[in-house]
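Next up, some structures in structure tokens.
Next, two complexes with chain A in common: one pairs it with chain B, the other with chain C.
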Partner chain A sequence: MRRACVITGAAALPPGAAVVPGPVLLARLIAGVALVALAASHARAQDFSPPAPAGTPAGPLALIERGLPDTISGVRIEAATVRWFGLPDLATRALALGGGWRTVRGAVGISQTGDPELGWSAFGLALGVAEREGGAALRVVVRRDRRLGPALGSWRSSSGVGVEVGGGVCVAAGAGLRLWASAPQVWARGESPPLERPLEIGVAYGAHDATLWLSRGAPASDAAADHEAGLALRSGPLALWAAARDRPLRGGIGVAAGARGLVVRAAVESHPALGETVRLALGLGGAP
Partner chain B sequence: MPAGGTLLPVLALALCAPAARPLIAEVFYDAVGDDTGWEFVELFNPGPRAASLAGLRLEAGDGSGPGRWTLRWTGGSGDSVAAGGRFVVGGAKVEPPPQAVVTLDLQNGPDAVRLVWPEGAVEVVGYGAHEFAEYSCGAPGPDVPAGQSLARVPDDADLGSNALDFRPAAPSPGRANRPARDVALIAGALALAPAQPAPGEPARLAGLVTNRGATPLPAGAVTLTVTAFPPAGERVLLSRPLERALAPGDSAAFDEPLGALDEGKQWLRARVVLDGDEDPANDRDSLLVRCGPGPLELTEIQFHPAAGEGEWVEVRNRSLGPLDLTAFTLSDRGTSRGVPSLGAGALEPESLAVLAQDRDALLAHYPALDPRRVWRVSPWSSLNNSDDTTGNADLVVLREADGTPCEQVAYSAAGVPAGVPLEWRDGGWWPASDPAGTPLSPPRPPPALASRFALGSRRLAVGATGHMAWALPWPRARLTVELYDLAGRRVARPIVEAAVPARGERDWPLGSLAPGIYVVMMRARPESGSGSLSESRALRIEGAAR
Partner chain C sequence: MRAALIAVLALVLLAASAATDSPEPPPEAPEGVDYEAEPADSLDAGSVEVGFGATGRAGEGPRRSRRVRFSDRTFDGSVREGERDPLAGGTLETDAATGRLGVGRLSPRWGRGLVLGAAAEPWSRTASDRGAGARFRGRAGRGAWFRAGQDRTVETLYGRFGKADLAGAHARLGGLGAGLLARRRGGTQASVSLARGSAESELAMDRAGRWRAEGALERPLGRRKLAVRARGGLPGFQSLAEPRRSGPAQALAMELSDETEWLRARAIAALWRFRPGLSGARAALEVERRLAQHGSLALGFEEQHGARRESARPAGFRQGWWGEWRGGRPALGLTLRHEAWGERRFARGAVRTLTAAQVEARGPAGSYVRVTHCAFRVRSGESLYLPEASSDRLVLRAVTGAGRRTRIELRAPGAGGHIYAALSLATNAGGEARTGASRPQWTLDWTRRARTR
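For the complex of A and B:
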């Protein structure tokens, strides 16, 4: 079992397996990061949001959501639910199937958010490559308003259907450092996504069983940039993490546990005005 | 030549008033309206012995040309002025009656009067800007406004020119121009606060008192008395020594608690009392006030019309009988008072009427209105659209024709959407529940809500106008509504700490808000007391990806 963008620490398997990428691959990845950064428009999406620390993405949901692959091969299934700010009419349910063969990584998923009046359904697909030195993936999400009904023909409707294409790239920079960039919505057409998600760039540093990360989300519209900092700790089959974000300042904690191929994740983020957002996920395959 | 240089000014100083003679102390030449019978000239004898006026000639001078002096009065053999006494030559309407009743027919300045003594001594008092030197002694005195006299202050002043000796003053025939002891209320300065107190509400009376005498008045020498004259009968509200000392010429403000007034329309009469006051005529002033609501009340105020219909206010007859609206005035903070016209008939009890800046435009904008109940007010006092430092934009004041306050509303324009009138409901002035206003109709009742907070629609197109409504458990509250995107970032604040009634609704233009899912968060707290609540709703703004 391997992970792309390997770092030492909580997200690293096996522990202490830090590597230095080859200069050619490193140059390619840096160029890729730069291209994505230049091409990124304001990002939008929140359909496949897993309860996982930003510094250590793992699983098919994260691959579809952010375009960041890991090095874990084999077949994995992941189901998640998110309750946004305690609003009962704004809950997300998602299911994703992912797999890896050699360096190729892929995932496909479906999700549904909100009630029939204002909610939508989504279909997501991501495909990429991952090695120890780094990885990259493309992701596509198609959304459709729930009020259009279940008829398949409604997917071709010009109103209430939208599509977005984006991707992510990560690179292991050595000495326990890992860099990533995710631009989930480089291209979008049709009905607007529910949230603008601009380019996110981040750096993680792992040592022993701990990982520290920092990330910055580019400004959406005329607003300021977002920032997040977090710390993840790992001990055997158990992982814990805590993160803090700005605009407004808030924090969250998460926990993941795995046994015999079954992984359970949960995270809660507390917003000073809106209340708590709770994420739960259950996976088969992979590690916490 | 130091001696001569010193003597010349002294000689000049002695020229205006002949030595050891009575002198001109006051000239009243311009009464308000017709002068006939009101004019007078007062002579004052500052000497220690009585002075005979036999053969004394009082002449009036026409300053428009040289040598135009005409005789007005000649002293008889029995006319004299006691030591320190006064002798008034004046018209039949002068009070107290003059010693010599004469129609003086004095001209308004620049003119003059003079005394010519039998042995040739002359005293000239000129007023206004003169072209010819014979009409004044030194610089002439001021040309005083109608209703005031030209008075020598102090009464024996003789400083070498009319300009130095005389000044405008309230007419005081037969009395000292500057008495030794005289305290006065400055007319028109009385003010009640609040201007129209509610029944049982304590009120204060403010005003100005001045020492017009030559003697300093120590603290406590002057007593202020305030008496109310409600329909139920006279009642003394206040009798209290003023605690401030007053030097001659000084004025002082007072602001005294009166307690609660009797309900209804009434006079308040204030009086200052000073032992030995030589001029009691200036000791009183009065104010017509009302305690409690008047017969006509304001129910809606359109201070910022957006469709060219002009400003307007809606009024309601809260009395038990019909009201003639032409017997009322409407004004703002200023002094101009508009009078209603062009409507028809009396306003029946509980009925509504509209007082409009532009009656025709209003009727064109609201064609269903009954034109008989729409009145034009002229002149219309334009109502301000933005708050000043007091937190209010303007006042809307209804008065009866005699000036009695009927209702006064200070309104704030803060948080009132453009074009939306203010209406009285739920015990306060709030933006109208119908943004178009409801002239001649009661306020539209807010919709019934199943929860504390509701959105008119959970899906809106980009650039549309949203609608929100609330139902709070407090009669008055402070409300904040904020929008957050799905990442928890605040993107808009449609309402910020606005004072709102328990139930209300508000339109909200989305503006340039991007398509997406948002959380609308309402937070409220009572305007007084503790407690708070918050509720949030999901909102979807539809639009194409950008």
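For the complex of A and C:
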């Protein structure tokens, strides 16, 4: 895992350099351990991770993150921040603009994770189609190490830049059932993505204002398969959800509220060993 | 039409896999390598089909292939040619005297297949690639044949099967059949078979007195159907033509199936023994519920013991389950499949897992775009084959380790025929891992079918 190596500092130091314990190295070590743990815990989210239930993806961030479009048309803007496992040095900030016209859905976004020395930036693009019976989308994410600087030319650098292409598809199966498959990393080139995200398949059942979902993430090269179960409840402008995942067993809750086109979402997921991951998002347009 | 048929065959194979197990090559094919099969679709009389294809990997030159098939009232044939194409070869058949004379590939079946045309798996009732009406064109041997009479009353053949030159003759009178197969350098096998209704039996014997007998029976039980197959004999008996397909010396297999408008259920139980100390068993249950709009949900459970092949190392105890859902609309379909196999009860101690999703968007004139993505994990020593249907063949792609495979297929009308293009991207764990270590694999094919009169 390339980024873990970079962040642990070993690969960043010149040959023969003395390793002097200090705040920077300590921060690198903490961030590195956290990322390794993140990978080991088989997290499914990455640069554009919105606080939203897996069974009912909504918004431009979810479209870029998982390639699963929703049926809502119009222009939407969504900003989110994620603090992974309570580590301030390992925070993700993301901004996405999405739009829908007739059945076409699209989103574009930028994201930044970690500090300027160790973190990376990402640019995401997704395009797809959606209607009541189902939808599909392609997503592309380009990442670049932040240490390369803001120059546009650095995006063409062969080192520190990586790209991944994937997509998702969802189909309504009738009687409130909806099934989906998301494969965000079908093709990858350049620097390895920070996390391996294999195929995820899931099923959601919605009745009245409740949605129950189950999903399964295929085994990654270095981690076993994992599963998620969740329940989302909606009441007018409010939505609540709770989800549980295995390997290791953990859970999280989330809440969303909307008024006059403004949507606020928040979610907390607790990991037995790594601490809490907090997600916050603010959106214009759409529904909670 | 042909590509559509192959796609249907692939689905049938997938369905068959859901009913029994992951598809796997026949025992004469080496384990752990790709296997290619040719679907046995028919060609209308007075038609000709031409195809050109190329396949390759990034960084390698393309491998080209050509094929021609034609069918006239009296003259049929197919020829395939291509560099390192395992399906290369041809068959020509024409009317001669009171029968049909042919040269080329041979895949005959006599009776239950004890001498010629045995099923590939110990639990299978009939071979899917041997004899008339098989779903795939087999490649048991090459040679010449002559068939005479209605429904092949007399059949003679001469050909090379593996490393043996064989000559044989088979005659049938009503349900009674008798055949003799002789090897050039010694060795003779005789077969007597009897078929009546849905019951069929065969007794085969060689010059040394080693024998094998098999009987198969199919009976309705109300709306259900029960199929039973029993085999007995001496372990030393081996088919002269296809010794690797000789199968177990003793076997007992039962299949109970039930089908209604919305539900299909199938239960299989089989026991077999190749020789003392080398036996196997399997039991499987599959239930498929048809859903609205051509959708379906299939669930299955299976347990295996012992050896599946005589030449392979016994795998021991295996238990597995699978689920497959198909749904969507005619224009956009989604298939999700998951299967898990373990060496302990309830599929724990995973030896093989596969999660796959396939999305297909269909357009006019038989065009489609299909994307199949799967993630697998296969323990060392285990085999997993992913079926990949292209325009002229079905490939069982052997995968191992942990990885992912994506296949993007496009079929569209073009240049007076149909163009088929496929791109496969594979990523295996280990080595360069996630950045797409395996080189992309591509296929391009053009097929045209036309009437000659």
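The definition used in the following text is that the second predicted complex is superposed on the first by the 242 of 288 C-alpha atoms of A that agree within 3 Å, B and C clash if a C-alpha of one lies under 4 Å from a C-alpha of the other, contacts with A are read in each partner's own complex, and residues count from 1 in each chain.
Note that in this section a contact is a pair of C-beta atoms (placed from the backbone, for glycine too) under 8 Å apart; a residue touches a chain by one contact, two chains touch by 3 or more.
These numbers were taken from a predicted model, which means no experiment stands behind them.
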Touching A:231, do we find chain B (first), chain C (second), both, or neither? neither
May I ask you to decide whether A:133 touches chain B, chain C, both, or neither, giving the answer as first, second, both or neither? second
Should A:117 be classified as contacting the first partner (chain B), the second (chain C), both, or neither? first
Which partner chains sit in contact with A:95 here, chain B, chain C, both or neither? Use first/second/both/neither. neither
By the touch definition at the top of the document, which applies to A:207: first (chain B), second (chain C), both, or neither? neither
Now for A:255: first (chain B), second (chain C), both, or neither, which partner does it touch? neither
For A:196, is the partner it touches chain B (first), chain C (second), both, or none of the two (neither)? both
Report for A:148: first if it touches chain B alone, second if chain C alone, otherwise both or neither. neither
If we overlay the two complexes on their shared chain A, which of chain B and chain C does A:274 touch? Say first, second, both or neither. first
Looking at chain A, which of its residues have contacts with both chain B and chain C? 162, 188-193, 196, 220-221
In the complex formed with chain A, which residues of chain B make contact? 458-459, 482, 484-491, 514-517, 519, 521, 523, 534, 536-540, 542-546
Seen from chain A, its contact residues with chain B in the complex are 41-42, 44, 46, 84-87, 89-90, 114, 117-118, 162, 164, 188-197, 220-221, 223, 226, 245, 247-248, 250, 271, 273-275, 277
Touching residues (chain side chain A, partner chain C) in the complex: 133-134, 136, 162, 167, 169-171, 173-174, 179, 181, 183, 185-193, 196, 198-199, 201, 203, 216, 218-222, 225
Chain C contacts chain A in the complex at 291-293, 295, 325, 327-329, 332-334, 336, 338, 353, 355-357, 359, 361, 371, 373-377, 402-404, 406, 425, 427, 429-430, 433-436
